[in-house]
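First up is the structure itself, then whatever we jot down about it.
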Amino acid sequence: MLREIVTMEGHLIDSDILRRAFARIVEEGGGFEVLEFRVGKTNDEPSFARLAVLAPEPETLDRIVEGLNYLGASSVVEDARFGSAESDGILPDEFYSTANFDTFVRIAGAWQPVQDQKMDCVIVLRDGTPRCVKQRRVRGGEQVTLRGPGIRVRPPERSRDKSVFGFMANEISAEANKSIVIAGIARTMRAMRAAGEQIVAVAGPAVVHSGGDEVLARLVRDGWVNVLLTGNAFAVHDLEKAILRTSLGVCQMSGRGVEGGSRNHLYAINAVNRAGGIRPAVESGLVASGVMFEVVRKPISFVLAGSIRDDGPLRDVITDTLEAQEAYAAALAGAGMCIMLATALHSIAVGNLLPARVQTVCVDMAESVPVKLSNRGSMQAIGLVTDVGFFLERLEAELGEG
Amino acid sequence: MLREIVTMEGHLIDSDILRRAFARIVEEGGGFEVLEFRVGKTNDEPSFARLAVLAPEPETLDRIVEGLNYLGASSVVEDARFGSAESDGILPDEFYSTANFDTFVRIAGAWQPVQDQKMDCVIVLRDGTPRCVKQRRVRGGEQVTLRGPGIRVRPPERSRDKSVFGFMANEISAEANKSIVIAGIARTMRAMRAAGEQIVAVAGPAVVHSGGDEVLARLVRDGWVNVLLTGNAFAVHDLEKAILRTSLGVCQMSGRGVEGGSRNHLYAINAVNRAGGIRPAVESGLVASGVMFEVVRKPISFVLAGSIRDDGPLRDVITDTLEAQEAYAAALAGAGMCIMLATALHSIAVGNLLPARVQTVCVDMAESVPVKLSNRGSMQAIGLVTDVGFFLERLEAELGEG
Amino acid sequence: MLREIVTMEGHLIDSDILRRAFARIVEEGGGFEVLEFRVGKTNDEPSFARLAVLAPEPETLDRIVEGLNYLGASSVVEDARFGSAESDGILPDEFYSTANFDTFVRIAGAWQPVQDQKMDCVIVLRDGTPRCVKQRRVRGGEQVTLRGPGIRVRPPERSRDKSVFGFMANEISAEANKSIVIAGIARTMRAMRAAGEQIVAVAGPAVVHSGGDEVLARLVRDGWVNVLLTGNAFAVHDLEKAILRTSLGVCQMSGRGVEGGSRNHLYAINAVNRAGGIRPAVESGLVASGVMFEVVRKPISFVLAGSIRDDGPLRDVITDTLEAQEAYAAALAGAGMCIMLATALHSIAVGNLLPARVQTVCVDMAESVPVKLSNRGSMQAIGLVTDVGFFLERLEAELGEG
Amino acid sequence: MLREIVTMEGHLIDSDILRRAFARIVEEGGGFEVLEFRVGKTNDEPSFARLAVLAPEPETLDRIVEGLNYLGASSVVEDARFGSAESDGILPDEFYSTANFDTFVRIAGAWQPVQDQKMDCVIVLRDGTPRCVKQRRVRGGEQVTLRGPGIRVRPPERSRDKSVFGFMANEISAEANKSIVIAGIARTMRAMRAAGEQIVAVAGPAVVHSGGDEVLARLVRDGWVNVLLTGNAFAVHDLEKAILRTSLGVCQMSGRGVEGGSRNHLYAINAVNRAGGIRPAVESGLVASGVMFEVVRKPISFVLAGSIRDDGPLRDVITDTLEAQEAYAAALAGAGMCIMLATALHSIAVGNLLPARVQTVCVDMAESVPVKLSNRGSMQAIGLVTDVGFFLERLEAELGEG
């Protein structure tokens, strides 16, 4: 049996890291011995482990050690290695691909924190600083960190965090007592606001179908949302309601969409585009209520990302998906908390862009969206299976009472 | 080609009957000619159609004509035929199996309405009256209606019914404007109450998880619910909350169930059973709030049906499924409206027992429950895809405003 | 009461049009009298109806008549009216917004068919021909058809169509006998191929998760798919499997994605982009199996639409959503049949672009995707609730046996 | 701060027990210090921890220590305490309610293993042996174990178990590579059979809708299933198919149920009941194929549990839910593995009855069933989100290849 020593440090138990490391070793066909283990005695002390990893062939050992690396383990302590990008957007084959945990790169003997941490990027040295960069944005000749030594990740602590996010991380619950969970989310929002951290809302059109748009508009007005990330459909539904109050393309008796009802949808786009966009539409008085109205009036920043399903679209929509992805990433820069409201497409897009330390709640009618987020290894999202309109009403009530 | 003449009468277009008849004929491999068609000129006038059905072999023709029969068509006008039940619960092979539409049997030249209409029963002559009877309740020697002539069904009208149930029958919508739909349901409830018709609520434990139990208790108190059909789990959750106010087997910080938390569940069952059942538990003051408290206090009738998942159970539970089915059927006797709240098991059980004329709304987080109800041919249920807690809160607000 | 006469012609019953017209009138607050009704006597004969629509105020009457218009009704027979587009992408407020039914515009007394029929467009006169154009593609000064007289739509026939699509249109079934439905789909595919009509597949990444990629590759190779519409994720999963046979970023024991596993995803993108794109990657031998391999080798046409969730992306991806939408629309031009495989985003995008006459099947694990398609009024899609891998295996078996 | 010392022993990390203990302490408002921790060095060695639990009030401390108890912690080592059941089915208020982990009770200084381990029971001394007994089966005067000292539970190991169950316990995946997971399940089945452990199948009617019944019949025939737990509906669908080969109450063109189609359902029940039940129906030749045929022929044991939704029912159905629960529990006695096939009702019923050591796989089209199972703390079930027909076909192929 081949054998390699790895060490791990941090909240190994709270973050479920040691269990996952053990599982990974066995799952890949290896074995292990725990040579040393010191558990953090109190909430503030990190734990430390030294393991001997055993494997029958060198390939397996490599694969295991690389996998443990993504969980924060280090083996030999050496500087990181780098390779040149062959041309714009083309990486050296041995590139290291990032996780969403805080990451450090060892350069000339010193561990340097990686900037702009997000998953599925590469780490490029720019101006001497290691930085997460999307594959397509790497420039020919740039130094790209290679997999192997000199890279460390630090998973976030979980169970010693005295908030609902500490306990429920990665849980998906239709059966939890929703009042208690929503109260916990409201407490976290108050703490975020007090600490000056940004609260990001990601919204889909179901927010309007559920009548949650009125609550969301008030949350924006009252300073509970600092950034709104959404797409064309949500904005059009909201603007259509502001412009065509009495007739929304739905039958007033049954609430269903009716034949020809999307004329109202196209009408709203036409009217707002004629005005020159959402801001001018608000300034001219064409739009005098709703979420987008409050967003412009407050003002808070917003990004509308285009999708292949869009009608119109509104002039404010970024139709190029890569530009939209970058605008989302930029808007997420100072995020402390992220609330995903009934949109699979935008929630998963945002999940890809968030560092693991951001506290995230994903509200959806189906378990499948939070399950997908959680299976991507995000390790950060509470999944709440409920109607988004209900969630927003309860959340507003909790915030009011606080 | 073989050929048989059938006639149909009623709201053939509004009820979608004629389209389904055409489809059935073609789908089974036949063809048709419309010999005569008179459409009802106004809301009150029935339509009339006379069709020639064509088929290549006699078996196909029989199968088509039998299928059209279930849609209300008649071919030759003769008296119904009967056969004797061989022994208790054993039918003659040619028995007719019922739909949930109003049905008439021709006896000695006169069309007699069938009593206790429900689907998947047989029609037995008891005391000279045709009556829907479950297979297992047929007694040896009783006269059972055979398939063939002398049976007519009358599908309910749909689109001329000026209520949300008229328009949305069999629709399942997560995207409808829920406020409008719920307002329509509230209008129907007021009309039902004014007309002295019974409103039945069918409730699952998710009502409690969503906090909807408090609303449901007030709806019972205020006379909006006349019958409660549920099971052991819902009642125990509700009673547990009434008895153990401060500790519900869920963590007060995260709202999740905790290890050992079902002790509270068993405790509540033990306490209520020691008191002698739900009514004595209310009378003794052990239970002083909640849905079951209001049910006993009002009083309204309730049935708790047992299931193989049950803990306990409570003494009030009918553990035999056939007895429970019959108790449900008896409680549904005067129902004008039925509201199914987040329970697949009991909703489908009740759907099986309801005549098609009862206006039904099925509230569930997933499309699959209303889709299943609708695929059983119930033709009666609006499916509303939302959180049941949300639904109840909005419904109460609408009822209050009426 | 105000009163207006409208006439309707076509397969009024089979297409469920007359029932929907009655419902629409009552739902909007009006009433009606049927002045004349002639039902088509055989499969080939259209029906004809003349109704008097009644309403209390002129606005209601207008709204009803406009709604009936979308169902194919005509009132006064006059030429259509037109207005000039104010500037590029800005419509006159009274524009007519299209349905997905075949539409005709009356110009100088003659009914002219509208080209490029799709929903939620406007009809523009280009070179004397009425043509569906997306809002944003209308040029300043072009003549845009206004709502009102001179427009007719013709809903497709349904129940006289002797295929599974005729009977199951708009049905969503998890409980149907799937073998029979899939056999019916296979029959339709054979008929399409024999008639030289295009079969379009729309695929999501779950096709690969379910192992359906191998079947899909063979269907492409054997000529059962003429166009592939998908996105970056599906193509990357498929290419990754072709390039990195032994290691897919999933653990070989549990099949789950593992930490660091998306390195393989990025690696595949990098390798294909380095080769210059998918076609060169196939030509160079880098990619020698899989769906994209067969697509290039056959060759059939494909479009990869970008999304904000994308990694990479591959060079072949159209990152601008509007360009991608137009590329999809162009690829759908000759489509007779469309099979949507486990992708909400692309299925709804394609549903928006298809004329109603195209026979569509939507395969998804959840009812919500087909329910959404059907609620958009597509009136064309069979929803099959199953695992896409299962569907493809059964479909291939049926096609082989045919 | 109050303070109490607890010790824990076992696979504390692999079983995720220590992390959950830390979380529980903080969540309930306490704190902790790790006084001693020794991790098992190899796969076979248990770990050991000694913690000081801190809490502000005695109630909180009690609640925490009781919670840790359910995770296997012990505080003071004393004999267990007992109280007398007041009367049949009525417990002393301080009863201890069981988890599904192996449990030991300390009596006269010796730790005795609890028999018939299952969750939500009480532990009764019968014939000097501690035994899990359902609340309702406790007899007046029996000694019932009280919560407090002298009770220990031993959670199962997880990640050192080299099977797919070791790694995927409590995971719910629609996106895993299903071939690999199903191959792992097949490996476990072979190991179970070799070891003489029972494999239990729990089946719902969707098995028949998906065509999986033919595979399941072969699995029974070939000795891969030792016990079948199901209900009336599954058995009737299967028998109906065996008896009425050519006509299943579904249209042969669309696969949908048709009006009047449940006549076939009732016909099958009638025929089998007339024969005297399933076994006589097989013996008489009435039923000559299908799952129930193979079950009788092999023979393997089966239990049909009644439900309030049932038609008929078949004579073999146990209509009393408590008797059915007990029959299920008895049939599960020797189970090493349990495969739950597309039935929420029976899967959750069985989940309630299984000790945690039984390896369980839950196959369903929706995430909600496995999520529910996992939220009940079962800690044992792999959730596989797929079509059950697909699952069974792949499983049979894997078993054949092994």
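Every chain is named by a letter (A, B, C and D) in the order it is written, and numbering of its residues begins at 1.
In the analysis below, a contact is a pair of C-beta atoms (placed from the backbone, for glycine too) under 8 Å apart; a residue touches a chain by one contact, two chains touch by 3 or more.
Quick caveat: nothing in here was measured; it's all calculated off a predicted structure.
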item: Intersection of the contact lists for chain B and chain D; value: A, C
item: Chain whose average C-alpha position is farthest from chain A's own; value: B
item: Inter-centroid spacing, chain C versus chain A (mean Cα positions, whole Å); value: 32
item: Where chain C and chain D are represented by their mean Cα positions, the distance between them in whole Å; value: 44
item: Chain B and chain C: spacing of chain centres that average the CA atoms, whole Å; value: 35
item: Multi-chain contact residues (two or more partners), chain A; value: 27, 162, 167, 171, 173-175, 251, 253-254, 256-257, 365-366, 368, 375, 385
item: Chain D partner contacts - residues on chain B that touch it in the complex; value: 20, 24, 27-29, 66-67, 69-71, 86, 89-91, 93, 95-97, 99, 119-120, 122, 134-136, 147, 251, 253-254, 256-260, 262-263, 265-267, 269-271, 273-274, 305-313, 319-322, 324-325, 328, 344-346, 348-349, 352, 365-366, 368, 375-377
item: Residue numbers on chain A that touch chain B, as the complex places them; value: 162, 164, 167-168, 171, 173-181, 184, 206, 209-211, 248, 250-257, 365-366, 385-387, 389-390, 393
item: Residues of chain D that touch chain A when the two form their complex; value: 13-14, 16, 18-19, 22-23, 26-27, 31-35, 37-43, 49, 158-160, 162, 166-167, 172-175, 366-368, 371-372, 375, 385
